[in-house]
Amino acid sequence: MKKKLNVAMLGYQFMGRAHSNAWRQVGHFFDLPVEPVMKVVCGRNEQAVKDAAESLGWEEYSTDWRKVIERDDIDIIDICTPGEAHAEQAIAAAEAGKVVLCEKPLGNTLAEAEEMLAAVERNKVIHMICHNYRRVPAVTLAKQMIDEGSIGRIYHYRGTYLQDWIVDPMFPRVWRLEKSKTGSGALGDIASHSIDLARYLVGEITEVSGMLKTFVTERPLPGSDEMAPVDVDDAALSLMRFENGAIGSVEGSRMAPGRKNYNRFEINGSRGSIVFNLERMNELEVYIDEGPNSGFKDIYVTDPSHPYFAAWWPAGHIIGYEHTFIHTVYELLKAIDEERIPSPNFVDGLRNQRILDAIVRSAESRTWESI
Amino acid sequence: MKKKLNVAMLGYQFMGRAHSNAWRQVGHFFDLPVEPVMKVVCGRNEQAVKDAAESLGWEEYSTDWRKVIERDDIDIIDICTPGEAHAEQAIAAAEAGKVVLCEKPLGNTLAEAEEMLAAVERNKVIHMICHNYRRVPAVTLAKQMIDEGSIGRIYHYRGTYLQDWIVDPMFPRVWRLEKSKTGSGALGDIASHSIDLARYLVGEITEVSGMLKTFVTERPLPGSDEMAPVDVDDAALSLMRFENGAIGSVEGSRMAPGRKNYNRFEINGSRGSIVFNLERMNELEVYIDEGPNSGFKDIYVTDPSHPYFAAWWPAGHIIGYEHTFIHTVYELLKAIDEERIPSPNFVDGLRNQRILDAIVRSAESRTWESI
Amino acid sequence: MKKKLNVAMLGYQFMGRAHSNAWRQVGHFFDLPVEPVMKVVCGRNEQAVKDAAESLGWEEYSTDWRKVIERDDIDIIDICTPGEAHAEQAIAAAEAGKVVLCEKPLGNTLAEAEEMLAAVERNKVIHMICHNYRRVPAVTLAKQMIDEGSIGRIYHYRGTYLQDWIVDPMFPRVWRLEKSKTGSGALGDIASHSIDLARYLVGEITEVSGMLKTFVTERPLPGSDEMAPVDVDDAALSLMRFENGAIGSVEGSRMAPGRKNYNRFEINGSRGSIVFNLERMNELEVYIDEGPNSGFKDIYVTDPSHPYFAAWWPAGHIIGYEHTFIHTVYELLKAIDEERIPSPNFVDGLRNQRILDAIVRSAESRTWESI
Amino acid sequence: MKKKLNVAMLGYQFMGRAHSNAWRQVGHFFDLPVEPVMKVVCGRNEQAVKDAAESLGWEEYSTDWRKVIERDDIDIIDICTPGEAHAEQAIAAAEAGKVVLCEKPLGNTLAEAEEMLAAVERNKVIHMICHNYRRVPAVTLAKQMIDEGSIGRIYHYRGTYLQDWIVDPMFPRVWRLEKSKTGSGALGDIASHSIDLARYLVGEITEVSGMLKTFVTERPLPGSDEMAPVDVDDAALSLMRFENGAIGSVEGSRMAPGRKNYNRFEINGSRGSIVFNLERMNELEVYIDEGPNSGFKDIYVTDPSHPYFAAWWPAGHIIGYEHTFIHTVYELLKAIDEERIPSPNFVDGLRNQRILDAIVRSAESRTWESI
């Protein structure tokens, strides 16, 4: 019999739905060393959290996350709440000795993120941050290729994450457009993914020169005619230098009509190039210089030999967005079993946040800022 | 409380895994009128079916499908066995008054398919055939557009389904390459999907001119050096005429290197064209003639307003192969609740088989054959 | 000093413009063994042919092609007239001992084509047919790769040539829609290109099963309200078998909205696949099986090492439609210098026409027809 | 009779070949108001310039450009020499009262460019700079669409120009890698094109934050083993702000394997987006928000109604790189006839250079720099 681990999830919105699906599905496809039990989901609104428990498959629900964290029978705390709540919840979970899986961004501020990392390290608990795009099979394959030297020494990283959900100036001023709730706009929400992929695939970033822009400076409050100021960025751009001599750029914008989830990167090295676009997440474009008949090769990353794919369907039968969370949870469970810290973890979350912070500082100082 | 319906699934290989996932997941995403219960899975090998029950999420297992069909507490029989078993199982299920969901092709022969349809009609049971690609949101959207007249009168249907899993001449002579087990090769396995989509999107086919080809005429038996003859087609092609005046072609081949699951169709009408490719199943290319600045528009079919997508993730977060089965099961459950026969059903299965049969006849007679 | 060869061109419409450009440009880019002189252009309308001579760069003009063919100072006759005139003109040119370059299709009927080949062979003159798409660098590269065995034994040829210029049912009944002037519709005009590429890349075709379809059966006469019948095909499709065991299909249609010049082929062999589309004529997609990280490679065929490209611009600077004619003329001039028959020539033109003829016969007989 | 204008071209390398082709071809396709005569080509090496005159179609050649500029019978001076010679030649041509067409970049330094503009304005001569990519039909169409408000208020410009011709560290230190000859590396050579397109399509740039990078700091001298330092940038990146509130980025790199001539831009506005890539220069991708069934539309920009295309071939028959120069020369000749300054001209050249200069300054100062 496999050891059972009880999971409590805090929050049940978009991310909560994605995480719940991951917990439900992971054991049906992967051979797990330990068995997660979907014990309890927490939320503030009793009826809503009760409904969520039922539709998402949790045994119990609770409106008091603190009490849940204190329960002896809970092993893993999965934090899916808005960014403003992460620090308090993660620190409490760490103090209670729980494994902590936290949605990105780690904290709402750099200071929070530092406290969070300190808490998990002080309490020696296993911690993970959910940068799920590392777990797209094509991205993991890109990492393998780079590590094997397929594209040689890396010169360029070009990360662009574009969406269009707030292009309409009458789109309401929801919580994701409030700095106090979410920390920043496109920067923390999507450019942070491009930055995480940069660190994962290329290496540590040493300095940045960034800019932030809010095109639509006030929007109606939800369900109202009243206008309220927008205090987060619609778009964030930054140039960057890497420790290993590579240079790069990242951009996040929610004001790019037609781009739904265009999380694209291009990496150019001395021997080849790699391109990925989340909108076609089952493909990886790879160029290796082999003379005049070279060309960008569109690898359909669905083979059983590709990362994670042996668990799924025969070659050519694609997976989707939700599967990246399943792979993340799988990595966490393996790490728990092996009593090690999985990757990416709070260290990555903190480093990511330091880069976000440097971009904000640079946007203000109008100069390059070191991380 | 929702009414509960107990499901028994026969077979647990590739299709069984996909169907199990559908039964497990459907209630977590769709608001169902009735609640399916994954009661029992059937198979011949006791240990294997026991393991399958556990990993796929079935309450019980059985090695005797006949007894399961006789059980009063079973409401739905889901047939995922190889084609040779479909007729006997579906007829038994119909005789027992069960709802029958059957994988394609309906029977291994036209005669079997006719008996199967007769059985479900005679017993007045609800029946459905799993042509899951109708339930790709992009394909359902194509259907809606065509029905609304967006591309006008249809002139051309061009269906091509290419794979490459048996290109290697030393790939073994598995059951899918034995006529007695599977009826035909690429024709019934994949060209049949192109034919179903032709019927779904364009209309009834009246005559065909087909050809079959086996390039590799003998292969090693699995796990052996001994060669055995291949008696199914590696590739099947056919020209066709539709009742409504359109003309078309379909092709299925398992000998197309690089094509993993290239189920593509192009439809040209008097006002526009539509192109779909399963390898990029979250996209639909649509051309509507609007003057010189017209162009093929790549619609990312992931909006909540698109078919089935409101149940899933925000726009831009793609779904995969497995989701088509979830949509199929959802359609079945709605039909059961509304006491009607869903679509596609055994009538579609039989018509499909009549077309396959005419292609075989035409390949032999070397002339056009009527359906 | 290079030997000079005087060229006379018959016809000056679309093809005449393309050929004139080729004669004008070839010497500025290629190192020619002989020097063509654009001596005289022929046409029936004196003012129009005079204007054409000036704008296209011909020294003289004439309204009497017979007299021009008789001139001793003329070396090369380039036939760019509608199909109905080809036979008479080519035979006269051959009788006069001239080099003959003829636009496709060779004749308007199979009988004409046979007489034309007989005439050039009887008179031992150099002859060439302008199947210019063989001279797209990417297509020539495909030929080289196939000849080197890169994709192994060929299984499938899939040729599709789609246009949309007559989709509008009120598009007038121009000469290209009259059988007496042009022989056939989409079949001879565009499917014939797919057939030529099939022969060039795969090999000889032994039998066909074809169909022809006219969707819009009457159209207004040009500049008139009066309707006239359309007696050529809007679309032509055929299945085919090759001498070497490959199978294939070709399709030509002028009723495919959005497809401007979609001359696409896909070839699948035992080791790989090749795809070309004239709409992106500077690219060739090639798949070579190299294990799970294989993928269709998009070769940008613009390198100096690629066919014909050393004559043009640095890598990455594309060429267009007109350049295929320049390459054709270059091949003709080389052959003249080397006193040999270039490729493709009237033999190819005749074989092409035999295939077109078999498709017409098959469309009538509703059975397979041998070439 | 049309007025004849005698042209003298200085330089005959890559750009000289492209310009010569333009002068030769323009009158055969466009209805010109004046007739250019290819009178004389200038170069330092007598045999080489003599050969160039013959192969490129110039009546005469000269090794003394100063004398040619002084000739009364010369009307237009076309400067195709390396950047270091532009200033002296253009100023001399202006002083002599000639029309001046100058390859980009205008001068090798900002100071030179300012003197050049002053010279043409002081002498009231017609002047033009050859930013030929404005004359790609798809780019001109993009400009029309933006001017018509199709994509609304512009938010983002994203220009990327990638090549790979010096990726090999043993590629020699040619003149294009010497600052004294060429001014800068990727910045002036290719990023300058992205900047010109930014100004053409979006508007004036007010400030930049740039970086320059040389990855391979020494290379062998041509034909030698001796290494020499590289003092120009391999890659240049910059963030930018536009006068109209848009923000953007440009990047030029010659170190991107697989990118041959990847001159791509994406523009996002409040109502839509436009994407162009020179590697597929006959296409323009346009997204206009029309609700959930919107998508990026791939416009094949080859219709007679599209910019410049009426002069060429029927819809669907593409043009190439060289045609952009023909369109440039056509614009110059129209402007001469209408006695006005064409666009882009030395004002554009100077503004472009001011931006390049600000990027260099910013790369040094590590802060934003105003133009």
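Going in written order, the chains are labelled A, B, C and D, and every chain counts its residues from 1.
The rule is short, and it goes like this: a contact is a pair of C-beta atoms (placed from the backbone, for glycine too) under 8 Å apart; a residue touches a chain by one contact, two chains touch by 3 or more.
Computed from a predicted structure; not experimentally measured.
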item: Maximum centroid distance from subunit C, chain identifier (CA atoms); value: A
item: Homomeric contact subunit C-subunit D: same or different residue positions, threshold half; value: same
item: Whole-Å gap between the CA centroids of subunit B and subunit D; value: 55
item: Rounded Å distance between subunit C and subunit D, as computed from the means of their C-alpha atoms; value: 36
item: Euclidean distance of C-alpha centroids - subunit B vs subunit C, Å; value: 42
item: Of all residues in subunit B, the ones touching two or more other chains; value: 294-296, 300
item: Subunit C-touching residues of subunit A, taken from the complex the two chains share; value: 141, 284-286, 291-300, 303, 305-306
item: Residue ranges of subunit C in contact with subunit D within the complex; value: 14, 17-18, 20-21, 24-25, 27-28, 55-57, 163, 165, 260-262, 279-282, 300, 302, 313-323
item: Parts of subunit A lying in touch with subunit D, wherever the complex brings them together; value: 151, 155-156, 158, 160, 162, 164, 167, 169, 209, 211, 213, 215, 234-235, 237-239, 241, 245, 247, 249, 251, 253, 255-259, 266, 268-273, 287-289, 294-296, 366-368
